[in-house]
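Both complexes below contain chain A, partnered by chain B and then by chain C.
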Partner chain A sequence: MAAALLLSPLSASAKADNATPPERTPLFNAESFMLDNGMQVVVIPNHRIPVVTHMVWYYTGGADEPRGKTGVAHLMEHMMFKGSSNVPTGEFSTRVKTLGGQDNAFTSLDFTAYFQSVPARHLETVMRMEADRMQSLLMPEDHVISERDVVIQERKQVTENNPRAHFAEHLNTAAFINHPYGRPVIGWMQEIKNINRGDLMDFHDKHYAPNNAILVVSGDITAEQLKALATEIYGAIPPKEIAQRDWTDIPVVVGDVEMHHSDPRIRQNSVMKIARAPSFRQDKTAALSLQLLETILSDGSNSRLYKSLVVDQKIASNVSMSYNGSTWEDGKIWLSATPNDGFTNKQATDALMYELNKISQNGVTDTELSEAKTRLTESAIFARDSLSGPAMIVGRALITGSSLDDVEYWAYDLNNITAQDLQNTAERYLNENNNPFVTGHLSPAIVKEEDQVQ
Partner chain B sequence: MMKIHFLLFTFLLLSFTACDDAQDANTDIISHEGILDIQEIKTKSGITIWLVEDHSLPIIAMNFAFKGAGAALDPADKQGLSQLASNTFDEGAGDYSSEDFQKTLNDNSISIRFVSNRDYFGGQFKTLTKHKDLAAELLHLALTEPRFEPEAVDRMRNANISRIKHSLSKPQWVAARFLNDVAYEGHPYAQNSGGTVSTLGNITPEDLHQFAKTRLSREDLHIGIMGDISAAQASAMIDNIFGALPETQDLKETASLQLQNPGKTILYEMDNPQTIIQISQQGIAKTDPDYYAAIVMNYILGGSGFGSRLMEEVREKRGLSYGIYTYLGHMDSINTLQLSTSTQNENVAQTLGIIAEEWQKMSDAPITEKELQDAQAYLVGSLPLSLTSTDKISGLLLNMQMDKLPISYLDDRSAKIEAVTTEDVSAVSQNLLNLDNAVTILVGKPSAINEDVVIKKDIPNAE
Partner chain C sequence: MAAALLLSPLSASAKADNATPPERTPLFNAESFMLDNGMQVVVIPNHRIPVVTHMVWYYTGGADEPRGKTGVAHLMEHMMFKGSSNVPTGEFSTRVKTLGGQDNAFTSLDFTAYFQSVPARHLETVMRMEADRMQSLLMPEDHVISERDVVIQERKQVTENNPRAHFAEHLNTAAFINHPYGRPVIGWMQEIKNINRGDLMDFHDKHYAPNNAILVVSGDITAEQLKALATEIYGAIPPKEIAQRDWTDIPVVVGDVEMHHSDPRIRQNSVMKIARAPSFRQDKTAALSLQLLETILSDGSNSRLYKSLVVDQKIASNVSMSYNGSTWEDGKIWLSATPNDGFTNKQATDALMYELNKISQNGVTDTELSEAKTRLTESAIFARDSLSGPAMIVGRALITGSSLDDVEYWAYDLNNITAQDLQNTAERYLNENNNPFVTGHLSPAIVKEEDQVQ
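== the complex of A and B ==
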């Protein structure tokens, strides 16, 4: 079945060949079906080696937390490793390891996902363990307290020990005024400290259910085999009534937002700019255009930004534009630059914005567009060269509201985007007059002695 | 034992390709059938390749390394030379300007990446099958006719200096500077292989040309290839890329090294909420008969992450840290056992105390049968997870040769791990674990430290 196609090198190279119009062939040959209780199941067969990656994605994350309770979704993810009816506290990961497997989990604002990569013969075991913690969490009180301490350490290690990450957290808040996307996923310190067992149990009750989750399995398995297992194991879990997401809207932003932060730990100036942009779910044409713009502007040393700011003008030592549209609501555009000695943040940002505006005014060349399309199309072939990669891509797309076809025919859809689409998108979302950017300046703190020396 | 057969008809396919390319009559192939069907190929110019053929995706990955040609040879006043070479070999070569070279790579989805570390200079090359000849030609040109134009060298120097300034705010990076400086004092390993702000400024395009002329030889070259390519094609491709390099180079051998300043604890104060803790002590060679007992011991002590004794005591029971890990490090001149963690400043003394207790416990009392079995089950059972992509396998094939492991290593490995007993682990723990001979680095603002701490003010080998 699908496997033969997936493994055939011919189908891949035919698709990658840009000289002929791209065929509408699927990338992963994934199959999707629904269980009776409303749980979506996706299988991505790949028989290169006898291993599988098993993932469960929940339609819930930091943005679904009650007001004043930031950090609950992420601490919830930690507590999923602290025992359920049939898996004693602290044994989840060690059991996976004795199967020769690896496991982990991650939380975002939109979703929470759990995964194990194991030899294929152990798939059923990890499915039963995952299903167990979907429906029956122990959440021992003493472990809530120690794990909350762990998260406090995590926040200190990942965010507060890193001045750049700490500052970016605040910039993000300004880009998403009055919207839960303005929160840090890990939570604000003072709110993490107040999370209790009741908050976590409520969150699990409200959001952890088969009809609020997607199962994705990639690797050495067929749809038929997975269907039987999933029906027996996850199909037995009763669905719950899931409340609609109730997220507040972002008001029209008045005034230019510019933030400054100096820190003695910082040794050089740098600047970041953030703006909102449509997600794939909200506007696919704009999202695909932004991916192509990202490639043209910022992929490699022949990209427009690197060539202009780093090679030709020598204003900056590095510069980048990136776009993330795999979100339920608004995605994000990130710009950043580190000016060279003798140049200011303003000179770097002016040069950067000049390149963006050039595209809104004059568009891109046909050659640039077709080269960007070829590069992205060929990157899809490399994406198949992985066990867990395809499951990550498919899971993340579906959980943020894209369809399986959006993933399978991504390269085909990308090739239908026109130079005009790119110009329109640049004018709408990369032009500061039409889409407000939040700007952040990070600089070294001036120490007194150094002041005198200068 | 699980068998992973990537290609059942290796011999059949080989004989076909060999007939097609009659020129390859000299190609000498030894095929090893096991977990991976590794073919050892000797090319006409005398280069040895380990190849695993897999035609399920149109992708070829190749990892290569010149052993002994790495940053340990960089002069003290030109630290970062190897690193800068790795950044500039792909900035124009032969008739290709920097821009043309990069554009050709980009437009054809070819990835050529150079890497340097203390012990070797090498790289990774990944391409779609249809672009393999172009990819090989580009790599050949980069290695034999690199341009090292002043513009590109300056630009890459600049990027490195910016990277260093950026890293100065990262406490883990700062801790690593101290660890190298103290534990490897007096040895080339003490230098910063990424260069320093001032030494990078001393490196000229001429130094880089000298690097290209004097460091790379076929004798020191090791190669791992995985993917959509036959043995005959691989052999021809490798000769095209590397065949013109000198057969040998006169490289200075790096002296072997014992861990320096044993027992010292160094503190660098940084105004952070957490203190980074890095500890290093003498380790064990991969070729040592006790090596397999040591990897079991390390797994149980702190190597496994969740489930390890240290993770259990420090994170799970007490919530002192987000993570604590130990690992066995292997370099040409020294083997180490290292620990890294971070904890809030008030809890540093307590965390260090737990680490000392666990070190002691591991040497004093035997591990349990269950601990042994769980460790063995993971170490044996997880092997297939390290074989899930083309470049993971090409990297593994290279590393096996760099570590001088036999071609049957993957097949023998399971039996050797399964043969380890609790007594073996006790014996290796008693021989190996000794915090009195370790170097401890603290970066942060720890309160109430009992130990004899040497406070340092300047970050070594950075500015």
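== the complex of A and C ==
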């Protein structure tokens, strides 16, 4: 209900007259301030229901792991639930549940984030619990070992037992050579196995501090209320000296990489292609253009790729282009296609690349552009109206180097993107002659008799 | 002359009766002892001419570089010639030349080595100079900058201007993912450019110490003489706490990697394949077998590959298999072929792999094996009789984790390798189903008109 009301003005203006951009109105009406210890605080008031989402985003993730210690950031996230000075081991999530709330956490190569959604009157309680584990962790040795086993099982299930995911990990490594983004967030299996308590304590010591984090609270709270609470609870935690992240540069790429993987668990041939592209922080115009291109090329059954490859030519049963630019360093473009029986990966890829090249050469139509803008704006407004959506969107943007204005005026900026921007961006980043793609071919493997389980 | 005399007994026995191995006699008669500060000293006496080769091998190289600082170990090697407490900037090589000697240095991912060949009476002088730069370097800021420029030019010439070398760098990275061996010794261009004086000082502080080095002296010197000199000169240098090297493991490889590179500077299609294989330290039997396989497959116009692909089938103008196992971690196998006009890379590769598979399946003949043993043994004996050869061979073996016995009895051990060892090794390491190869295709690029310089 509320969603429909909220999106009307913006989408209407976008549809009615593309030449007249919508007013430059903020999307979230968020407010940001700094505590004396260097912790950034963002509040996104929304008083519809008496609930808040409380998130702490740390500027630390897989990219900060020392050589040979991939997986530490993610296992660290697990250990944050295993007890701190005033919250006994295993009690964290139980307490949140008792408060009528829910909690979770996630790790990426750039960041680690913890969140709880609770009735507004319990905000102070979860803040105190979160502040507690920011300062001091128990990290019981036996739980380090058991959680490490949990992560090993998680990796087996999500990666080792999934040939597509396992293969994609290697494609990613080939696209990000000499760069932390070339590693899997969960860690390489053999390195997860070697993580010890000392590695985790060291990681917490180095990266968990108020001045290396952003607090984002959305929901039934005012800036005044949050300021008082945050100052009292997080403001009491002393800052730490935080070492600058040592990003490494990807060398000039020489040669195109093509990888092949056959596995008996694979049922059909398919092809994936990945390439780097600017993140929002690096190039906002390119990032917004890539979001629009993703919509035009790949969103739904009227999208260019689906219509051409699946409906008209019947070359593929599946085709997609996606873009992720919410990263500190380079973002990523993913292409994939599953050819129909009788067609090869090469035919499907050629047809896919042909559609991308058509945009580099001829651009998109005004209708396509304005419809893509409307669709994207609608989804943002829909997210705005969800419970945890705003804290997620704002937190992720800030922690990857975008400004609050970038988030607030995203719809406005999106509307200012032109068909020429899309064409330029397609030519620069979707054309293999200008942007190297790593190509992966997955195919079924015939199981030899001696390998079969009887 | 001397060479011919020396190799007669061994090669004769190998040829005469393959069932009777040669006596277990040491190759170099080297002697090893330790100084109190932990520096290993090896002496290889040879009194033919009054000359010595003096080498210091450090257990440090590209593998020890911090993240984002590739190239430091190699630039460090350059800076060692730029002055220390008692040797003014630029004087080192001049002084060696004045003594009637010659000097040089080289860096690998595993080690860095410095050597001088001088009249025996000047050994003490070069030892004092070498000890001086082990302890204290001037590292003048302006020379850091000018040497960095020298290295940048070196990299341009050796790598950037050589498409084959530039491409090979990427193949190597693909074969050694998540491992220091995946980096170029000289460093990635963008990282060389960022090396500063502090990085170099830090690297010298951490890795240059007597207990992290091996002294090897060959030539006209006795163990007694060397012991006295080494104790006085190197023994006076205090040891340092040396951090253990943080080797990282290569993850389980998923998928075969194929890379393509076209460049207008390339004249002909060619294909290269690389794979990992055990080093001597890791598996002596496999390493010795691979040395023999290299000889049988690829040494000269009677070798299997040349005979089959170049002479008989006329598929390729060039074909080779080579193996390097003188590394601490995994060694490497290189295959390459240049197809003749009218043949594709695939045809050349298929023919090449067919020859390798023939060995996995049918092994080698007794004649091939015994001839390969003779040929390798002869070349070792030839090296033994050269001036700097023995110090090079012994130093490189020890610094990559082999024992002195491994070097001394290399010919004896080689003679004990059987045809079955070769077959097993070929099946394990030359068969693509058991050992993943990274394949690279180089091809000429047609220069577009607008790109041509008029």
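Here, the second predicted complex is superposed on the first by the 426 of 454 C-alpha atoms of A that agree within 3 Å, B and C clash if a C-alpha of one lies under 4 Å from a C-alpha of the other, contacts with A are read in each partner's own complex, and residues count from 1 in each chain.
To be clear about the criterion, a residue touches a chain if its C-beta (ideal position, glycine included) is under 8 Å from a C-beta of that chain, and two chains touch if they have at least 3 such contacts.
Being a predicted model, the structure only gives us computed values, none of them experimental.
Engineer: A:G38 in the overlay: touching chain B, chain C, both, or neither? Say first, second, both or neither.
Structural biologist: Touch status of A:G38: no partner.
Engineer: For the three-chain arrangement built by superposition, which of chain B and chain C touches the greater number of chain A residues?
Structural biologist: B
Engineer: Quick check for you: in the superposed arrangement, does A:P239 touch first (chain B), second (chain C), both or neither?
Structural biologist: neither
Engineer: Using the superposition on chain A described above, determine whether A:V252 touches chain B (first), chain C (second), both, or neither.
Structural biologist: second
Engineer: For A:G440, select first, second, both or neither according to whether it touches chain B, chain C, the two together, or no partner.
Structural biologist: A:G440 contacts chain C only, not chain B.
Engineer: Using the touch definition from the top, say if A:S93 reaches chain B (first), chain C (second), both or neither.
Structural biologist: first
Engineer: Identify the partner contact of A:E169: answer first if only chain B is touched, second if only chain C is, both if each is, neither if none is.
Structural biologist: second
Engineer: For A:P140, using the defined touch cut-off, is the partner it touches chain B, chain C, both, or neither? Pick first, second, both or neither.
Structural biologist: Neither chain B nor chain C is touched by A:P140.
Engineer: Looking at A:R384, would you say it contacts chain B, chain C, both, or neither? Reply first, second, both or neither.
Structural biologist: First partner only, chain B.
Engineer: Between chain B and chain C, which residues of chain A are contacted by each of them?
Structural biologist: Of chain A, residues 163 contact chain B in one complex and chain C in the other.
Engineer: Hey, which residues of chain C end up touching chain A in the complex?
Structural biologist: Answer in residue numbers: 66-68, 70, 163, 166-167, 169-171, 173-174, 177-178, 182-183, 188-191, 246-249, 251-261, 440.
Engineer: Applying the document's contact rule, which stretches of chain B touch chain A when the two form their complex?
Structural biologist: Going by the criterion above, the answer is residues 2, 4, 6, 54-59, 98-99, 102-103, 105-107, 109, 126, 128-130, 151, 155, 158-159, 161-162, 165-166, 168-171, 228, 270-274, 276, 304-307, 312, 315-322, 342-344, 373-374, 377-378, 380-385, 387-391.
Engineer: For a test of understanding, state which residues of chain A touch chain B in their complex under the given definition.
Structural biologist: Residue list for chain A touching chain B: 7, 9, 12-13, 16, 48-51, 81, 90, 93-94, 97-102, 117, 119, 145-154, 156-158, 160-164, 263-268, 270, 299-302, 307, 310-311, 314, 317-318, 338, 340, 371, 374-375, 378-379, 381-382, 384-389.
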